[in-house]
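Each of the next two complexes has chain A plus one more chain, namely chain B in the first and chain C in the second.
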Partner chain A sequence: MNDPKLYILCVEDEMDVLDAILRDLSPFESTFQLEGFSSAQEAGAWIDGLDPDADRIALIYCDHVMPGQRGVDFMSELQRRESVVLKGTCKVLFTGQAGHQETITAINEAGICHYQAKPWEPDELVELTRKLLTDFVIAEAIPPLPYMSQLDQKRIAEHLHENNPFQDA
Partner chain B sequence: MTKKHLIAILLGTVGFLLPLVLPLETLSLAGKINLGIFLMAAIFWILEPIPIYATSVLVMLMQIFLLSAESPIAGALGDFQAPAYTLYLNTLANSIIILFLGGFVLAAGAVKYQLDRNLSRIILKPFGTKPGSILMGLMLVTALLSGFMSNTATTAMMMAVILPIAAAAPEGDRFRIALALSIPFAANIGGILTPIGTPPNAIAINALVSRGIDMPFSSWMGYTAPLVISGLAALWFILIRMYPSSQARLPLQLEGKFQTSPKAIALYVIFALTVLLWVTEKLHEIPSGLVAFIPVALFPVFGIIERKEIRSLPWEVLWLMAGGMALGVAMNQTGLAVWLVELVPWAAMSPMMILAAFGVVAILLATFIANTVAATLLIPIMMTLVGSGIGDGFAIQTAALMVAVGASLGMSLPISTPPNAIAISTGLLNSSHMLRVGVVIGLVGYVLLLASAFLIWNLIF
Partner chain C sequence: MPDRSPPAQSATDAHLESIRKLIAEDRFFAERLRSFQAGDLLIRETEREQAVWLILEGELQLSKGAESNNQLRFDRLGAGELVGILSYYTRNPNYFGVLAVESGRALVLSWDDVDGLQESQPSAYRFLQELIKGSLTKRYQRLADLHIEVDRVNQALNQEREELRATIDELRKTRERLIHQEKLAMIGSIVPGIAHELNNPAASLSRNADYLEGILKNLLTGPDTPEQMAQSWQAGLQNAFSDTNEQRQRLEQLSQRFPKLPRPLLRRLAKLPPELIPQGNSVPKDEQGWERLLQPFEAGHFIQVVRSTSHRISRLVQSLKRYTRPQSENFQAIQVEDGIRDTLLVLGSRLRDTEIETDFAETPKVSANEDELNQVWTNLIVNAVEAMDPGGKIRISSRLVTDDQQVEISFSDSGPGVPESLRNAIFEPNFTTKAQGGNFGLGLGLSISTVILQKLDGTLQVEDNNPKGAKFIVRLPALRP
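On to the complex of A and B.
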């Protein structure tokens, strides 16, 4: 039973913004796999190539306003896919400008777990990422120790205490 | 399944078949089968191609099918008086397993109503805010709780207490390492304190009980307390010397309140009653396994724990222990234990040397493999050795304690115990810190173990 590889995906059409996200999230790279994409199509195709036995996408940061498929539509499409790789994935929409209808779609159909306004503070993004990754690991009952150093450690310790996922032996 | 696992399974299979093809004339067919099961189990337990509890139940299955009176090959086993298969299965519900079940239920109730957290808060309060005394308080609470709850669950809870302190410490403060090491190590040591503290204790007590030797709960505590207390003191001293704090005061946040719902009150009463009856076993002579059934029955009766908590009890630990005990049963039945003991020219060694050597082996083995497995592999051999007269000069209880306590003292690697694994995963320390302090504690522990054996246990038994 090997520990799954946990991915953080970032989808953003503007290269300098994508670089900024990847740079801000680089502290997580020691423990998580960080991948950047410049379009929804590119990300969608790449996800198809993941190994359902070994890979899990923990978190997707996706821009909303992009040429081609928009963020909300891409997230809705992922929501409909029945891949193990995408089970429980936390989807964050980056947007300064989502309308009323798009917000409804985001919640009802795309399963967006968080809206992140642009621009963001790097520290804020790191803390958000840490919280969402911790949520994911706990909710999906993934053995947390290999990832603990980059998660909210107090919450993980309390989770271990309350749920006894592993024991004296 | 990885290649490594495949190789381990292949090796285990070879281990099982090897005694059957080797010319081992002095060993009966039943003994050979048993040796095969023993080798396979040892290989699986060490290399872990399957979880260790799975190996345990596999051992039981193989013994039922190959070494019982109901076995399809029972007729071919010659002179071997095969026992009923229930002899192996009964280990799943023997008094020691029930004792542990009682401990699990108490712990589940304590976690649910936050009794453990609130107790730790109360105990920590008088230790103030100075780094040295906080560290002492943390270690005492951890050791005490881990004597009654699992070492792993205690470590997880106490890590949640120290993480905010460590996070508030200035960059590069070495006291963080002291904090992060104090919890798992105190939990490992604290597990020695009571029969239910950690599974190796159960393996030892079961081996004694099955030979008609009683080991009351309170007596075990009395025999091990000097070692536990001096071990903790040594650990505290080492940690504050090696990783002193740069601060005069530490922020220790202890908030919370004892719950006062009727169920919580019922939990407190039953918890206190059970522990009280355990530690006073000598006075009333109600066996601890029997007392353990009080919470097992009353918690569900009062709705203190419900289906959800019952389902999440660590049943696999009971399987692990029961399989280990069943292996010990078979080794006695088939004569394998005696045969293994006779392989070594023990007469060349003094009994004291043998005893001391088993302590070393227990500590070393437990450093690399699961403590329960180390105890499971060593105790049947150790017990037989004493029973055969070679070990005249030390009591069978001393032998059992030596191996069980030794199995809790191997803690120098992240893989040594689950509490170690939790501590290292926080990133507060690295494995070289753990190795350094762990080796020192292993050595100190060994000296204390020898002192306990020769100066206390051998004089009592």
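On to the complex of A and C.
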């Protein structure tokens, strides 16, 4: 099997904010596919067009407060989809405000793995992305070599070491 | 209780008089006389008294539970009335206890005496029969009166209950309104400080963007810089964001045209207006060349973003201030339809993708501040537009509700509607589905509108629109012509 194409999706209704997120994440674009969307609907429809044999979504950054479908609801909907494209996808809620009820929904139904508050520091966003991508590659047992340059190499090395079947007992 | 039968009463008196005569003449009756004092318990409940009492003078009280704490008092019986008739006819134990409330005398005949009278003293028996009939009739009338009285009391109780319920309802509404006002007062107390703190950095952002623009303009449009850079800079200053779908398509086209360029560079290039993408000989040979083309564009674009962002902060601050500082109390007589037409005119471009239908009746004027009322119309129309997909429809109609002389204006849209569970929340400050641009994106629109309308003794409600969407209904007291 060929190496899967790993995607990072960003959903944000305010174009200048979306632009800034994409710009901050552009270092990952050498190895990962980066895509931006201005609404949950647009992203949802675009995901339908992915190829289940070749594409995997590793990470989604999604704004919470948007007109139309809100972030938590979109993530919940994705959680219920049974596409292999979305298997193990790490979902990050990007938010300036979220209430108690949203938090409960986020944990119980949307399978959100991280909150990222706004405004953010570009360096922190890059480090968070690197960590979450590494988590995804390890958890989904994806051969890490093609993506190595953008992952946490120390953790990947440790992981490979621990799981080396030829390792001495 | 009023006695409704004087003729019957006089008949009773006549029969009673005959009985008295008998007592005076006949030992049989004289021996059966019995005196009682007020307070005497003459018959206990359930006792088998087996006698009929004809009251000659004084007054007796029928009661149940006389020996418990829970005494129920029934009829009071006076001269000419009888006790123990029910027991006599049914041969059951006494249903009531009997207590003397006024001293007097009674003729006490055992059941055997009564039975015997029919043979031995037919005339006395007939008087007794008449007295029994009179007493039962009286009691029945009192029963009927009692029923009527109970019914009246019930009605009064029901009415009181309704009034109580209405009062509780009113109290709850008042409490909600007070809480709302309290919240407003709280926001009002912190807004001036926040407004100041926000306006200063916003002003600074805006000014510095201006300075930066001046400097970059000198650098990028001087006689020594290539024409291409100056064009790129100008385009950046005017650049508006294109939508993400379009950007994706452009990115795809560019990556086919320049397959060797790294993706992040292509993504930046995709923002450039197509006519500025170099062709043929002018295509840069190296990354530096591309940067020389891109950076002036981006510099212009960033300045524009900073400027519009600071402008947006100022607008939010303005709307916050408007919200918490009630405007002039200067009310005029206003024709609501005129204000709505003005508002539609002002909103113009925002209504591009929306079909507007108006159905105005000739309504009386209302008393209001024109600017504030226009703010209400603006909020309601913009909310409807933002709730709908392009091509949505808003129907605005006005009419006079003659019952309570209110002018009613309704805004029906074809959007997704307001779920039952959110119908209170949408009128709260901070409720938002947030809109692009931030002009009205503070989540205060409906809350502001509510405050404005309350001040005018008006109301704002939401319900389902038929067949779909939401219907917001404004009611304002009509001015008398």
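One rule holds for everything that comes next: the second predicted complex is superposed on the first by the 164 of 169 C-alpha atoms of A that agree within 3 Å, B and C clash if a C-alpha of one lies under 4 Å from a C-alpha of the other, contacts with A are read in each partner's own complex, and residues count from 1 in each chain.
Please note the rule applied: a residue touches a chain if its C-beta (ideal position, glycine included) is under 8 Å from a C-beta of that chain, and two chains touch if they have at least 3 such contacts.
Keep in mind it's a predicted model, so treat the numbers as computed, not measured.
*Asks:* Give one of first, second, both or neither to describe whether A:67 is in contact with chain B, with chain C, with both, or with none.
*Replies:* Touch partner of A:67: chain C, not chain B.
*Asks:* Scan A:42 for contacts with chain B and chain C and give back first, second, both or neither.
*Replies:* second
*Asks:* Mind working out whether A:128 is in touch with chain B, chain C, both or neither, as first, second, both or neither?
*Replies:* A:128: touches no partner chain.
*Asks:* Look at A:149 in the shared chain and tell me whether it touches chain B only, chain C only, both, or neither; answer first, second, both or neither.
*Replies:* In the superposed model, A:149 contacts chain B only, not chain C.
*Asks:* In the superposed arrangement, does A:50 touch chain B (first), chain C (second), both or neither?
*Replies:* In the superposition, A:50 contacts neither chain B nor chain C.
*Asks:* A:18 contacts which: chain B (first), chain C (second), both, neither?
*Replies:* second
*Asks:* Which partner does A:34 contact after superposing on A: first (chain B), second (chain C), both, neither?
*Replies:* second
*Asks:* Would you tell me which residues of chain C are touching chain A in their complex?
*Replies:* Within the complex, chain C contacts chain A at residues 241, 243-245, 247-248, 262-264, 267, 305, 308-309, 386, 432-436.
*Asks:* Help me check something: in the complex, which residues belonging to chain A touch chain B?
*Replies:* Spelled out, the residues of chain A in touch with chain B are 2, 144-146, 148-149, 153-154, 157-158, 160-164, 166-169.
*Asks:* Report the residues of chain B in contact with chain A in the complex, numbered from low to high.
*Replies:* The contact residues of chain B facing chain A are 2, 52-53, 111, 150-153, 156-157, 159-160, 163-164, 191, 198-199, 312, 314, 316-317, 320, 370-373, 417-418, 421-422, 425-427.
*Asks:* Along chain A, where are the residues that touch chain C in the complex?
*Replies:* That would be residues 13-16, 18-19, 22, 26-27, 29-30, 34-38, 42, 65-68, 70 of chain A.
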